[in-house]
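Structure, as structure tokens:
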Amino acid sequence: MARRTAIVATGQTYHKSIRRDVNGQELINEAVVRSLEDAQLTMDDIDGVIIGNMDHFEGINYVDCWSIDGSGGYMKPTMKLTTGGTTGATLAIAGYHMVASGMFDKLLVIGWEKNSESDTTGGIITCTDPIVERPIVAGAISGLACEAQAYMHKYGATPRDAARVSVRDHKHGCNNPHAHLRLDLTIEDVLHSPVLADPLRLHDMCPRTDGACAVIFACEGIAEKITSAPAWVLATANRHMFSDYSDVVQMASLLSMVEASKELWGKLGIKEPLKKVDVIEMYQPYSWAGMMWIEDMGLCKKGEGPRLIWDGVTDMGGELPINPSGGVICTNPIGATGLIRAAEIALQIQGKADKRQVPDVQLGVSTGFGGNWWTDMIAFGKKKPA
Amino acid sequence: MPEKKTDLLTIHSALDAEQPFRWSAGRYRSRFMQEIRDHKRFYGIKCPKCGKVYVPPKRVCGPCFVEMDEPVEVGPEGEIMTFTILRFSFVDPETGVAKPVPYAYGAVKFDGADTQLSHFIEYEDESKLRIGGRVRAVFQEDRKGSIKDIRAFKLIE
Amino acid sequence: MHEFWRNVEPIIYEGRIKVPYSWQAGETATYFLTRLRDEQKIVGKKCPKCRKVLVPPRKNCPFCFVHTDAWVELSGEGEVETFTIVRRGTRIQPRKTPFAYAVIRLDGADTRFVHVLGEVELGKIKEGMRVKPVFAQERKGSPLDIAYFKPVG
Amino acid sequence: MERIAIVGVGQTKHEARKIQDSFADMVYEAVKMALEDAGMGVNQVDNVITTSNDFWDGRTISSMATGDVSGARGKNVSCVEGDGTFGAFYGMTRILSGSYGTTLVTAYSKGSESESPMITNAAFDPIYMRCLGLDLVTACALQARRYMKRYGITEEQMAMISVKNHLNALSNPNAHLGLKITVDDVMKSRKVSDPLKLLDCSPVSDGAACIILANEERARKITDKPVWVKGVSFCADAYLLGDRDLAECKALEKAARKAYGMAGIRDPRREIDVAEVYDAFTYQESMWTEGLGFCGPGEGGKLAVSGATAKGGDIPVNPSGGLLGAHPVIAGGLIRMVEAVRQIRGQAGAMQVKDNVKIALAHGVNGVCGQSHCVWLLGRNPN
């Protein structure tokens, strides 16, 4: 029978645009040490290490082997997973399966990126097909801009609506000491920031960040000894469809979110996620996604996203706060970002989110985004699943 | 720790450092690009199960997980499904140099195709660019069997 | 297979990945590399738990997962533990073939140091040979500030 | 541990260069073969694990290229970056976690499309090591000399491994480099980095492999020849070359010990009927047979010339020809598992070591000089 599995501890670096004082292994070590302190464990207690980042941002091959100096994986099972932007969520999902399977009792899961070490857009472009797409593609930003244009065209949303999402997340980010950006922006600040690719402006976009996140997964029986409030994994779902960018036809809605959320809510028996879910940490690399993808997630009907945002439903204090940590618009060390989302939900469930704590969180969801408009979702609960 | 605070070192990759590759386009994309190079024509491939026409063509229809075979000529005209105008320059990993801006980039669905080929869109007047706009490919004079044989798509007035 | 897709002249795209990288050395590696550059000295760092002197130095000991503390200055001399004479050249090697890489046990260090041998008759290299570093004229804070190790005496 | 079985296997013909195939075309062949082997439709696959390497493919998010052809559409999917044996481990835990009944695992590489010294040089630390220009071959040459000098193993003994594996590869229709050669041919082959000569080194090939795992209940419905997972473990040693004694493989010893413990194996030499190990170079087969406990430390050379590891020997090693016979990089370890399954099923044709193979070992490696090892024990009977 599957073993119930929980996140019992988390550790994050203080994410910054550049960490000149540490190399990649030392950045990883910082997060790992903090997670061990949070769990009151030592590296000897850890049975295995899984780690992920995106290779071409640091230009290091076989990172599972290279990272041993910082990850603590010496003479332990060590493995690397990578799936682009969704890497962090892929790692969290792997953390769940590896422990629930009985093969590990206490597993250390690490996501990291030092985006300052390369030109991020130049690096991300290498994800495209080298023959048909790469010679002409214009980076992740252009793809997102095309999606926003299609949504604007179909549902009449405006850059001002998008700015409201950005203002929300920047405000939330001010409560998060780990956030890379902590700017209390106004709608006008966002609208007047330089346009990168129509209709996206600078403050609609996420920054480039150096950061690492380490999370410890443990099985039932051990999790309860490590923490009084394990964040139990209730369900996971992901879709990484479309091998070719030319297939990503549905530009005004995120098809992978539609499919993954349908599976996740089905597994949880939830008909109305807006009512049942207490907090969401969404991998939302740009403001427009904050309106579009919550529709695809089933929080409201298509085209109603902007209204939900303007009504404050997703603000702190609203019915369903989204991105209390400030989210990806405040912090984006790409390989760690999906795992930071899971870690932040664990902090919410454990009541350890300090100034960004949403009161009485019973059910939280973290997501991952990346690749050819892929989506990963994980649901965490305070109550141990039956 | 070090007595005097030296400024922290950064190790730079050599200027000419690069990883060379020789990627095979594969049978389906090779034929696609030869048709563009030799006849300025566009070909997709049709799924026997769901009827979807993929441009560029490939071996397997993802949703149906079946092998495809039937070539279908598409275009020459198409429709802008979505687009953007790039105003921010970045390093192009092919050349290691920043690409000059502004330029338009968008997804074009050929008449008869079900997927969309993304490419540059050339324009004189920015305001004329819109979703649904009708376009036609403009070709390089000297074509070499690369996706860049299409110089860009241009709006049909 | 439809005739259209048969005996197609395979198109090959000769491309490259040319992303500029700038790796931050961090405080520990900066100290090691600047001592090479400025004082032609090889330093290691000691782990308080296993008492190993790590060369090159690391901020935390990979074996014990604790922070290293004491800096240790080494004479730079050592002995060859193993070596290889490289015959097939590649674009990224620092010297023309044939040349030798060696794993060197530096006096006072507990981990081995890998570098290039120079000013040596390749046929004469053998395990246990005593070697010492020869520093480059022009040094810029890189492991290649040591041009090579050559036999002692 | 709930019982898990391999119910389907597939692999392409591995070649120097598959110039007509894209990554997707190549992987689809292996996936189609594995589904046909298992008699399964793609809708019976509950989830998919691809294994690939962004550096070798020249494409970050390399999993993007082969997701659809691995049958991932509409399914949960993930990607392990490293040897296929590591991907298969994660694929197995996705079943043991109770989330899925079957997992399809793919692994592939096109070694012909990049310059391998550049790709493997990128595995060295960018601050301390990369500028030295080392790559997998020159680093392994350091290991070869250290190991052979420590135990007095000769180049001629290692050449026997090359003779054996290239000969075995002749009877393997999927192999890239079957050759009928002598020790003398090996000794006279072009020097690459002493003591490694051309015929001591595995080629770099294009190819793909696929296996399908299932829990016991599904396995018994799918096939009457399930191959059971008896034990599996993986382990990583220190990273910098100088942080290890290159003559030792402690990580392999630890992984093997754990996997043998799970499989209830006390005397590996006697209880294992056939082993497919990761012979990227001749000296590595010798070292890994020691790490796996088939002989004592330093006795790999004697074992190689004793005939014990030949097809008719008491511990046949790499009857498929191993990596020396075909080395599509990331698929290297998964192909070992495919060959182990065929031996247990008695379907290895001219490579079959004997008809009643009960226990087979498959082994994969990540990193330089065998830093990280994954050991699988597969068996004919569930208990």
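Which chain is which? They are A, B, C and D, in the order written, and residues in each are numbered from 1.
By definition in this document, a residue touches a chain if its C-beta (ideal position, glycine included) is under 8 Å from a C-beta of that chain, and two chains touch if they have at least 3 such contacts.
Quick caveat: nothing in here was measured; it's all calculated off a predicted structure.
*Asks:* If you take the chains that touch chain B and keep only those that also touch chain D, what is left?
*Replies:* The shared contacts of chain B and chain D, listed by label, come to A, C.
*Asks:* Work out the mean Cα position per chain and let me know which chain is farthest from chain A.
*Replies:* Of all the other chains, the one whose centre lies farthest from chain A is C.
*Asks:* Cα centroid separation between chain B and chain C, in whole Å?
*Replies:* Comparing mean C-alpha positions, chain C is 41 Å from chain B.
*Asks:* Using Cα averages as centroids, what's the distance between chain A and chain B in whole Å?
*Replies:* 29
*Asks:* Roughly how far is chain A from chain D, going centre to centre by Cα mean, in whole Å?
*Replies:* 34
*Asks:* So which bits of chain A are touching at least two other chains?
*Replies:* Within chain A, residues 20-21, 23, 56, 58-59, 68-69, 74, 119, 122-123, 126, 130-131, 134-135, 241-243 contact more than one other chain.
*Asks:* Where does chain D touch two or more other chains at once, residue-wise?
*Replies:* As it turns out, chain D has residues touching two or more other chains at 19-20, 24, 55, 58, 67-69, 73-74, 115, 118-119, 122, 126-127, 238-240.
*Asks:* Among the residues of chain B, which are close enough to touch at least two other chains?
*Replies:* 8, 10-11, 13, 19-29, 33, 58, 62-63, 91, 93-94, 96, 146
*Asks:* Would you identify the shape of the chain contact graph, picking one of line, ring, star, complete or other?
*Replies:* complete
*Asks:* For chain C, which residues are in contact with chain B within the complex?
*Replies:* Touching chain B: residues 1-2, 4-5, 8-27, 29-31, 33-34, 141-142 of chain C.
*Asks:* Which residues of chain A touch chain B in the complex?
*Replies:* 20-21, 59, 119, 121-123, 125-126, 130-139, 141-142, 145-147, 149-150, 153, 194-200, 241-247, 249, 251
*Asks:* Touching residues of chain D toward chain C in the complex: what are they?
*Replies:* 19-20, 58, 115, 117-118, 121, 126-129, 131-135, 137-138, 141-142, 144-146, 149, 190-196, 238-243, 246
*Asks:* Using the touch definition up top, name the residues of chain D that touch chain A in the complex.
*Replies:* Within the complex, chain D contacts chain A at residues 1, 24, 53-55, 58-61, 63-69, 72-82, 86, 89-90, 92-99, 119-120, 122-123, 125-127, 233-240, 250-251, 254-255, 366-368, 371-372.
*Asks:* Once bound in the complex, which stretches of chain C touch chain D?
*Replies:* Against chain D, the touching part of chain C is residues 8, 10, 12, 15, 17, 21, 23, 25, 29, 33, 54-56, 62-63, 81-88, 90-94, 101, 103, 111-116, 127, 142-144.
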